[in-house]
Amino acid sequence: MTKYAEDFTAQEMIVVAGSRTLVDNKVVFAGTGLPMVAITLAQLTHSPGIIPVFEAGAVGPSLSRGLPLSVGDSRTTFRANYLLGLNSAFELTQRGFADIGFIGGAEIDPYGNLNSTMMGEFPENYQKPKVRLPGSGGASDMACSCEQTIIIMVHEPRRFNKKLNYITSPGYLDGTPNARWRAGLAGQGPYRVITTKAVLGFDDETKRMKLIATLPGETVKSVQDATGFELIIPSDVYEFEPPTVEEIRLIREAIDPKGYFVRKKIKE
Amino acid sequence: MYWTGLSPDEARQFLANKDKSKRDKRMGLKEAVQKYVKDGDNIGIGGFVNARQPVATVFEIARQGRKDLTLSFQSAGLAIEYLAGAMALDDSKNNIKRLELAYWAHEAFGISPLFRYLTENNKVELEDWSNYNMSARFKAGSMGLPFIPCRSPLGSDMLKTNRAKIIDCPFTERPIMLLPASHPDIALIHVQEADIYGNCRIQGPLYTCPEISMASAHTIVTCDRLIEHDDMTRYPNRISIPFFSVDAVIEVPFGSYPGNCNGIHYFDEKHIPEFRTACEKFRKGDPVALQKYYDDYVFGVENFAQFIDKIPFEQLQYVQKIEPSTTLEAAFKVLE
Amino acid sequence: MYWTGLSPDEARQFLANKDKSKRDKRMGLKEAVQKYVKDGDNIGIGGFVNARQPVATVFEIARQGRKDLTLSFQSAGLAIEYLAGAMALDDSKNNIKRLELAYWAHEAFGISPLFRYLTENNKVELEDWSNYNMSARFKAGSMGLPFIPCRSPLGSDMLKTNRAKIIDCPFTERPIMLLPASHPDIALIHVQEADIYGNCRIQGPLYTCPEISMASAHTIVTCDRLIEHDDMTRYPNRISIPFFSVDAVIEVPFGSYPGNCNGIHYFDEKHIPEFRTACEKFRKGDPVALQKYYDDYVFGVENFAQFIDKIPFEQLQYVQKIEPSTTLEAAFKVLE
Amino acid sequence: MTKYAEDFTAQEMIVVAGSRTLVDNKVVFAGTGLPMVAITLAQLTHSPGIIPVFEAGAVGPSLSRGLPLSVGDSRTTFRANYLLGLNSAFELTQRGFADIGFIGGAEIDPYGNLNSTMMGEFPENYQKPKVRLPGSGGASDMACSCEQTIIIMVHEPRRFNKKLNYITSPGYLDGTPNARWRAGLAGQGPYRVITTKAVLGFDDETKRMKLIATLPGETVKSVQDATGFELIIPSDVYEFEPPTVEEIRLIREAIDPKGYFVRKKIKE
């Protein structure tokens, strides 16, 4: 019988949910932070054949030399199967070689558009934002050109907004039919949003965010309460299977023992 | 349309008139910065976030002082944080006028305090792009093209403030972005190995270093090791930047420290937070720690070797020991 | 606008649905050609003129027979001359419908007799481009772009018959060409070394092989040596084509003979003229020598090894001995 | 005192004239055939610092392993200073790294435009030409994007025509002011035409071909007679210095002993 962990953090739960969403033998373009942890966990559990791609240039490396602290660091390059630079990584993504893009964001809207650029009025205060975030990095390219994207987020009302301060990474744009295609985009768009409270997806028709599963300790109501817009709640929402003892052990002991990405306190 | 750095036609003209001969390009870093980095320049920053960034060259720029700079990069961390720190302490000596960027932070080490300081106080002009955009803009420059098409990030707000244009593709009739080329005045590149003519052998991710160098009017290369030309050309398929794209070559061991340099050393997980904490204090109003950091490590030393001298030997040994990538094979040093 | 091979949107869709897993892709060349080369295909031809061309694969195609082919290449020689010879002898079995090309001849070995035969008798449809055009068209395809800009050959008559378009650059207002991407149905690539998953390590000029492979729907790789995967990934910076761009891997020693394969063997300066002379006789009306050549070397054998068997041992030794480039370091063969 | 060779062929003379036109320390993009021989001769005599570039990818190799039989063969790659592929070679040329392009052609007009595609009516007979030539290869790219070009030609009336059958490689186009600039081209255009009879250049104003020097054994008249259009004949036309014994020896013994490119009979 599966043994479930009794003690785990919200960040650990996110990693487990992210890992379980991945499918074996797919090419997964990994954003920095939790996505790297989730991919490694998936490789160590159900999907050894996942092929990670890092935007700085490494394709298909073995992640056996420790958790990378950067998507461009030496730990991403060990026994890589291709290793050029940023242009090559994004070109092969634009071409269609990346099945999944795995990214984070600071703010999300009902259509899966993400903001990682700024807080404040745009475009009025673009040159003097209330809070300046690090910027797109490669996330917007992944959101556009990977065939599908999985988004990892902290679930707080102020991060789930009807309207974003700034669209950095396109999701389903305004949600109208074929909005992505009409904008000239190549990939299909967001597939899942994995948060500290839930696993979410998007309605096929309206492209609005829908609840798929609640994470342990959460309810439909607690998820909706933590969301700044109305979620679609289908009748088949289920409770997500809790992390196993083995998953939590792997995260803590094997993947991120120093807690670079996983045990960090969630920032305000 | 306005151009920062050189326009495509200016960049072509400049290169057409340039001496491309294969000659000894060794010089001191001080001299190289004096000769090739000017006030008002658009500077292309090599490396990626905190890996293989041109830290030593930025230290030298900070010591000499440069004004009205435009910095062009995809994702950067330490190198520009160090320049921002010099500006934060005294913007009459060093200042950044404009940023063309995709990302400024430190990934696992946290966000950039000084990027927040500069932007939230409106001290720099911003132009946001994606990582692929900036890489492709350098690539267009290195290819001698005025623009390059790109499919991302169509639909994002970046297109509302940057200079990209959307056209209908004349072949498919679907929308596509055109990115204007970037031709910086000067590229700052750190590599593991170079020869005296400027040929560079990069190990690990190339990032966008070859493109930045070939797009720029001038390139300063610092390298961890100067190697024999014969050793370089023994493996021509491994040469990442050809000599005629480089103007100055300086051997600076640990030149991208405290960042990561593939095959040489990993991040210094002690020193980076030390610097970053000083920056964060500055952002919150307390300049003392940052001033002390610069007095100790940047302004208080003559050159990068003297900065490295101040790092405990054990700490330097440790970052080499934990470097996970294939160690570079021993190469013959150039005889002086 | 019409597309030959796949359109950019079709090419994207095809790749999105494709299995990209890292799996053993070894198979026989006969099987690979049966599986991946179809009548009506647009075939991207790797190599350059007579160097590292996919000769063995073309021999197999000629034996099986394929019709209505479009051939896309920059500069090619032997591989397409062999296909043209098969067509010249029996165009109900093999035939080339269309050429998208920059150059078809043999440099020091002379012009192509069969190119003259096919064109001067209007047996193929022509679309002329420059070398850079064809290389850039494959590159656009490999980058997932519908087109790529190019500055040459503006002003030439090529633009009057090919599908390039001239626009005014929206940034500089000067004219510039846009080249439509090329997405062949199948890429034929010969390399020195590959592993069982399809990773390729090319020595010497890459030509446009990586771009052709990554632009195409499928890729057949023949290699002089199959090497251990661990040996391949020991030097990730030297991997020229990543496994997920390849569908079939076949170890075919001398697979680009009688052409040149960098680090393995030089041209066979006896055999190439022998074949070319037979082609020239055909052009002038005498098919006997060409028929005999094919009966002996192509149709009269089961596979490429049997063709190589017919070349005198001393001649094979000689072309290896005179190969001027760095000999490949010994690599472990994959155990069967 | 310089010793002049007493016996040399027209092809050898072309190589010597081509070699002497080159300047040390320049980046020279080499077309196949005689240009490769001329560059090697220049390196062995007055310009050891010439940096050859070959379109298949090799930049700055040592040409000490024998005369390449192809611009993409192994002899172009020994100790190269950069070695990728065709795109990289043409990109760096388009960028401006190639000072000189050194090309041949089958047919030339008064403005230095070249044909290496077809003989016959164009566009009417494009799909069924009278004679089909090999095609552009990289010559048109070099003619467009190298900063200057040097052209090597066999000098016969039928090859020097007022109007070409087909423009493959642009020279000064129609000769009107700034025609190249207006067409969108980057390089300056043809600098010299080296033939079996003469060294020619172009008038600064009209961009028409002008005689600069007659090769040994030729006169202004013999050159003009072999040219299918009127040449500009300035008053300072001079006789080109004959090949030296050493130059001829180098060509025959060191550079092309098998006569791959130099002793071949000039084709009809």
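Letters A, B, C and D mark the chains as written, and numbering starts fresh at 1 in each.
We adopt the following convention: contacts are C-beta pairs under 8 Å (C-beta built on N, C-alpha and C of every residue); 3 or more make two chains touch, one makes a residue touch a chain.
What you see is a predicted model; the values in this text were computed from it and never measured.
Asker: Can you check which chain pair, A-C or C-D, has more C-beta pairs in contact?
Answerer: C-D
Asker: Can you check how far apart chain A and chain C are, centre to centre, with Cα atoms defining each centre and the answer in Å?
Answerer: So the centroids are 40 Å from each other.
Asker: What is the distance in Å between the mean C-alpha positions of chain A and chain D?
Answerer: Their C-alpha centroids are separated by 57 Å.
Asker: So the centre of each chain is just the mean of its C-alpha atoms; given that, what is the distance between chain C and chain D in Å?
Answerer: From the centre of chain C to the centre of chain D is 28 Å.
Asker: Can you list the residues of chain B that touch 2 or more other chains?
Answerer: 144-145, 150-151, 169, 174, 176, 204, 234, 237, 326 - these are the residues of chain B that touch more than one other chain.
Asker: Considering chain D alone, which of its residues make contact with at least two other chains?
Answerer: Those would be 58, 77, 83-84, 94, 145, 186.
Asker: Draw the chains as dots and join the ones that touch; what shape do you get: line, ring, star, complete or other?
Answerer: Basically it's none of the tidy shapes, so other.
Asker: Mind giving me all the chain pairs that touch?
Answerer: Those chain pairs satisfying the definition are A-B, A-C, B-C, B-D, C-D.
Asker: Mind pulling up the chain A residues that touch chain B in the complex?
Answerer: Answer in residue numbers: 32-33, 54-58, 65-66, 69-78, 83-87, 90, 94, 117, 122-123, 126-141, 143-145, 166-170, 173, 179-186, 260-261.
Asker: Residues of chain B touching chain A in their complex?
Answerer: 48-51, 74-75, 101-105, 107-109, 111-112, 115-116, 119-122, 125-126, 128-133, 135-136, 139, 150-158, 160-161, 166, 169, 174-177, 204-211, 260, 262-263, 266-267, 269, 323-326
Asker: Give the list of chain B residues in touch with chain D in this complex.
Answerer: By the definition above, chain B touches chain D via 11-16, 19-22, 141-145, 197, 199, 214-215, 230, 232-234, 236-237, 239, 242-245.
Asker: Enumerate the contact residues on chain B facing chain C in the complex.
Answerer: Touch list, chain B to chain C: 1, 7-9, 144-151, 163, 165, 167, 169-172, 174, 176, 178, 180, 202-204, 234, 237-238, 326.
Asker: Help me check something: in the complex, which residues belonging to chain A touch chain C?
Answerer: The touching residues are 25-27, 49, 51, 58-61, 77, 79-84, 91-97, 99, 145, 147, 186, 188.
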